[in-house]
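Chain naming follows the written order as A, B, C and D, and within any one chain the residues start at number 1.
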Amino acid sequence: MPKDMTTPTDIFTRRESEARSYCRGIPAVFTSARGSVLTSEDGAEHIDFLAGCSSLNYGHNDPDMKAALIDHISGDGLAHGLDLHTTTKAAFLDAMDTHILAPRGMDHRVMFTGPTGANAVEAAMKIARKATGRTNIIAFTNGFHGVTMGALAATGNSYHRGGAAMATQGVTRMPFDAYAGGVDSAALLEQMLSDASGGIDAPAAIMLETVQGEGGLNAASADFIKKIVRTARKHGALLIIDDIQAGCGRAGTFFSFEGMGVMPDIVTMAKSVSGFGLPLALVLVKPEHDVFGPAEHNGTFRGNTHAFVTARVAIEKFWSDAAFETELAKKAELIKKRLTELSRMIPGSFLKGRGLMRGVDVGSGELAGEICARAYERGLVIETSGSQGQVVKVLAPLTTSVELFNKGFDILIDAARDTLETTKFAAE
Amino acid sequence: MPKDMTTPTDIFTRRESEARSYCRGIPAVFTSARGSVLTSEDGAEHIDFLAGCSSLNYGHNDPDMKAALIDHISGDGLAHGLDLHTTTKAAFLDAMDTHILAPRGMDHRVMFTGPTGANAVEAAMKIARKATGRTNIIAFTNGFHGVTMGALAATGNSYHRGGAAMATQGVTRMPFDAYAGGVDSAALLEQMLSDASGGIDAPAAIMLETVQGEGGLNAASADFIKKIVRTARKHGALLIIDDIQAGCGRAGTFFSFEGMGVMPDIVTMAKSVSGFGLPLALVLVKPEHDVFGPAEHNGTFRGNTHAFVTARVAIEKFWSDAAFETELAKKAELIKKRLTELSRMIPGSFLKGRGLMRGVDVGSGELAGEICARAYERGLVIETSGSQGQVVKVLAPLTTSVELFNKGFDILIDAARDTLETTKFAAE
Amino acid sequence: MPKDMTTPTDIFTRRESEARSYCRGIPAVFTSARGSVLTSEDGAEHIDFLAGCSSLNYGHNDPDMKAALIDHISGDGLAHGLDLHTTTKAAFLDAMDTHILAPRGMDHRVMFTGPTGANAVEAAMKIARKATGRTNIIAFTNGFHGVTMGALAATGNSYHRGGAAMATQGVTRMPFDAYAGGVDSAALLEQMLSDASGGIDAPAAIMLETVQGEGGLNAASADFIKKIVRTARKHGALLIIDDIQAGCGRAGTFFSFEGMGVMPDIVTMAKSVSGFGLPLALVLVKPEHDVFGPAEHNGTFRGNTHAFVTARVAIEKFWSDAAFETELAKKAELIKKRLTELSRMIPGSFLKGRGLMRGVDVGSGELAGEICARAYERGLVIETSGSQGQVVKVLAPLTTSVELFNKGFDILIDAARDTLETTKFAAE
Amino acid sequence: MPKDMTTPTDIFTRRESEARSYCRGIPAVFTSARGSVLTSEDGAEHIDFLAGCSSLNYGHNDPDMKAALIDHISGDGLAHGLDLHTTTKAAFLDAMDTHILAPRGMDHRVMFTGPTGANAVEAAMKIARKATGRTNIIAFTNGFHGVTMGALAATGNSYHRGGAAMATQGVTRMPFDAYAGGVDSAALLEQMLSDASGGIDAPAAIMLETVQGEGGLNAASADFIKKIVRTARKHGALLIIDDIQAGCGRAGTFFSFEGMGVMPDIVTMAKSVSGFGLPLALVLVKPEHDVFGPAEHNGTFRGNTHAFVTARVAIEKFWSDAAFETELAKKAELIKKRLTELSRMIPGSFLKGRGLMRGVDVGSGELAGEICARAYERGLVIETSGSQGQVVKVLAPLTTSVELFNKGFDILIDAARDTLETTKFAAE
């Protein structure tokens, strides 16, 4: 690491693609991080309410995972294992089996896809198509599933869709739960699929996030999801839950769909599944739909063995008993309470989300952006979501202490107050 | 790591998807690896002529990278950094700039895509389409570019293509260099593109590997590539070199296209770019084609900071002077020599490939598979490639010592001799 | 014409494709037709309430068109004129200009496409895409626009869609007016298009029939159409009215959209536009969207000169003053009155449609089919429509006399009564 | 017909779409036509070497067809019959059976598609896809199959392809016979299809014209077609011969593929099949591939009964014995002789085509266009073809008398001589 870097961002401007993004609003150059705190080159500490967009649910450099990983590397444990058997992968699968799948009555197989969420989504969509012999997949307004061509077809955001510079294929868009006033979205989908002239091809799958993270923290009701499951079953479609952002405890339970009486055919996981922020993505697929042949969907890094190490520790540490889930419920209440406080300051604003995946829709992307910018100046890293960036979104590590949560919220509320008082937004 | 695992593979059978592949022919359960040697649970050592399919060009657990990585983790360096600025990323970019790009006269920007080769290819294809306003991309017979929908359109292999269970789009297939007897592939492409009724839409890009790794180690001639460049320029198409497998020294130079008088508009990199087998993928793109807006192509793991640490060390250690390249030239000769020896044993067989990416086409996938299986029994991990798996492929770490290379080749030749003597292939 | 044909249908069974359809339910072999009466080989007369699916709005062999056509042929007038100038085409265009376009304030250009409705729709979709540089076209549930690949993408019927045996592209499906209870379809479309994460690509066009003929005689309200126009204008999309079935007086006015305060950018016409049942199709396109270059959309039979002869007579005879339109209004009332009578006999049934394009939804395709079958036995040719064939549809020639209308309705009502009394439907 | 039209073309300029084409180079306003002579409004006679682009193989207003058609209309014969049985259709099918199909050992079914060539091609492609369960169709450089989206995918011409303003799908382009020097096109296709990594999806069909009319009169060799048939059979693909332009005697036999030892699975016909220039299109399909259900592919005008009348007469008059075919052979020789004469005048030019579908490639579209323009001034209607319009193409009615043929050729040669002598082309 260069010690004497005096103009550290010059190299980014000169050599990094314009596609870089977060660093534009959060221009600090970071050096280290621990728990819910990021440290920048100048020694400043930043509370992290972004958590790698929910990739760091257990915080930065969790000491147990860190120790296990250093131990693994020191002992010349494999870094890269293709899809070869390793004791490390076995241990991860054992943990997944013992603490996650079996207790939830899930007989799903674990498929290691390329270690990006998009790759897991691509695999899930391919599986559904291969298993059903159909091509059409139903996705929803404001859904975000990645930006590779297959996944992008399912992503609603027009900015990302435009990046393809060509039409995508194989996806039919439907309104998400509570999308439009007076419209029962699930009933509309059911009617169109049941109508022989509804013009929607018989679907291979219906794919959704139970809480749309990028889409603005839209939480589907259990009733909506149950109706969707019924429609999927009736029309021979698989149900894919994309739990990449809402999974791993973010919604308050390991899977976001727990407690809804729903069992997806396919679940996609990424982001926090490695526990440590390392690239790892999984597809959980019911055995009867585990239709890929050997390497039919492949990828060089599907055996990111370092990630198996930390992922195993994450499961064993946080999910081997109910303690963590209980703690999450309390923190979810805290978040709700503090966001309610924030919302009350902003006329017309309202709470969004569920569990520890919550925010406030402040009605305008400009206002939300300004609040986050001022929070950043005060030492809080926080971002917006939603189609207009109109939702101030809290995605703090789930392990954030109550004290730090409150400190972060104090900053956020202070930033909001300041914004409202000193800008034109106040007058609106 | 579970110490008492007595039936370690049971968990794989029960819980891992049928998509698992290499572990079927190489069933050992591995525990650790160093340099060019893999160690399995039973203590057996295996010489690695597979190298994570060219993802471990510098061998397993290179001591310098390992030390730097442990140091980074110990110091709570970031694991996951989205696309935020970090001193670690700056150091990597500096190394890339200083030792790789600048010396080769490349003003390309570095785009961190999702850390899979397929994701880099998807980004490259999207860039070419956005930059040109066209959709068609020319790809070649036996090309392999990944299995997500956008990249899969460019991949030739029908087994992988079939996994999509739907038609792909946006790619026109042309014969690769020397594909068909009597056909000048580059001239045919030029003619079809120049013909107003050639029926091939004006291309956004022509994309190729200079040596087709999965496709059977087909090495394009410099003449072919020059003609392709001319055609690309003439028709306003970008040239994308997919250097995911052939790059990072595999072909004998850092980029596989060096010394051909060619400057691609876009280069995709993955596999060995992190040096340590960690997931990392890059797109190098000329500034005038760096057309993505902020996060227009995004992904959670595009800031795999651990990989930046090792990638920097890899560059500084191996590419800051000419020593390594000189060493590679010698080893390439050694490989060629020993493979010639092998080829002489097998009537009708012939050498394929270039640099340290070589193999022997033995004429049948069955024979090649059997040779590799017997080599595995003797302690050598080696795989086949080609559309029929007919090529015995050597992708050893570039850092493999001459002694170990020879030991590996001795095993391989012994395995081949055994195969030829004792099976029906001998009679053929 | 073979005089001694004793088994006239044998040749159809042996040599005609299984794709033949109407002849299965209406097995008579017809020899001649005049006005609203078809005569079959056995001398039987059949009242025609099908009218070539609205292709014979002026009845069979209108004496004035017939005389003009015979005169044209006798004088060696051109039959086939490519898109060369002919005095015949000039005369047709003059009539179209004088009696149809100019009086309605339409500056549209007339494009002669291949003489099928599907071809006109294909041309319209291509024009919209070329004019806007976008690919997506919004079409609606139960829309029917033809079965060639471009048009089929817009057609809702799953049976026809299935005929493609591959996914279509370039169309987004939305619910039609009043499609689903509680859903304001126009508002939903507006919301999804205005939402940056609505997931519907910016449309080149919104395409609809004001009355969906094949789709079950669903008549859009003027309010819906006005909202659609507003949405189209707001989002830079063209409005395409597919008036192939509802045009040429069928809805009571020459164009079906008259009196709605709407001016489409593009109108497709076919079916009755030749007046005589001869193949002719047109696209009317506003000059600013007349973007095809010479022959960019071409076709051998776009100059079906015989059709120009009869089309001119049809316009001059029926549309040079208001008399015919006044007559249509009266007949529309008659149809409504008699169908109300029919509907009252069938519990749960209700009227559909508008103008002279009306029917009764009897709730089941089986019942509707049986009523039509029994009507056929009594000398009335009539068909069903709707996604389940649940609508008994009256598409009589507009020139049908009141007497013959009543005779036809008497048969229909008699057939319905008979069906209800003697079948299981009665008990339902 | 307006008697006093003084500026007859004004209406075209004002009201006809810019898509009009032939009338730009051939601006006369035609009034009547008989045999091979067109008469324009000013009384001038024009010899017709265009013949409606091969839609008028039996000339204009053949007296026997004309009489039968007037007789049919006078007797109130049906004009429009949907796909109902009519005695007229039966008589046509009988003629087709007796004189065309049975004598050639063809058990094909006749499918009446919408009456455009493009519609027949769309139906053929859909049939092949439905019959095989595959989507990919192989088409060739310079192939022309129509401009609706499905057919356009198979059409090579970039100007027409561009009219779609979006990417087409489902077709793989391959070089046609003798397309590129040194390339055995059939062998290349065979190799790519046989190669598991050839990157061409298993085809539903291979579709070709035996002589590419619009593409520049490229005549495939019997050897090429036989190899294509072998490849189709080997890979489970159907063979579609698009005989729309080359059929109905144009190549010297009724079907263009006669005498090649080839039996296509599907044949498309249009243009001259009605004999009189009336819109009619057919798909001939082997019974085992007659997979459409009733109306699965439909269209309003598939029962153009007037066309059945003339089509029957055409078959009975010209194809009930061998006389016409014998006559065609002689005329083909005459055409060849006179075109050789033309070609000798133009350095570097050469003959193209086969049968009565011949021309001279003069090397430049500008030169070919100028020759045709000067021929037009001298009373000969003739057009160019080929991707650059570089081929002067003779598509005279097959019934043109030897005398008139010679008169036309005299004009053509005179026009060429004049062009060569007085323009810059002479110096080139």
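Simple rule for what comes next: a residue touches a chain if its C-beta (ideal position, glycine included) is under 8 Å from a C-beta of that chain, and two chains touch if they have at least 3 such contacts.
Bear in mind that the values here come from a model prediction, so they are computed numbers and not experimental data.
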| item | value |
| --- | --- |
| Chains in simultaneous contact with chain A and chain B | C, D |
| Pair joined by the larger number of C-beta contacts - A-D, A-C | A-C |
| Remotest chain, chain B as reference, centres from CA atoms | C |
| Separation of chain C from chain D, taking each centre as the mean of its C-alpha atoms, in whole Å | 30 |
| CA centroid of chain A to CA centroid of chain D, Å | 58 |
| Inter-chain centre distance, chain A versus chain C - centres from mean C-alpha coordinates, in Å | 49 |
| Per-residue overlap in chain A, given as positions that touch at least 2 other chains | 135, 159, 166-167, 169-170 |
| Complex contacts: residues of chain B adjacent to chain C | 166-167 |
| For the chain A and chain B complex, residues of the former touching the latter | 1-2, 5, 8-9, 11-12, 14-24, 26-34, 38, 41, 50, 52-53, 55-56, 60-61, 66, 69-70, 72-91, 93-94, 96-97, 101, 109-112, 114-119, 122, 125-126, 129-130, 133, 135, 146-151, 153, 159-160, 162-166, 169-170, 204, 244, 270-271, 276-279, 283, 285, 290-301, 304, 306 |
| Footprint of chain A on chain C - complex, ascending | 135-136, 139-144, 155-159, 161, 167, 169-170, 172-173, 175, 179-180, 182-184, 187-188, 191-192, 195-202, 215-216, 386-388 |
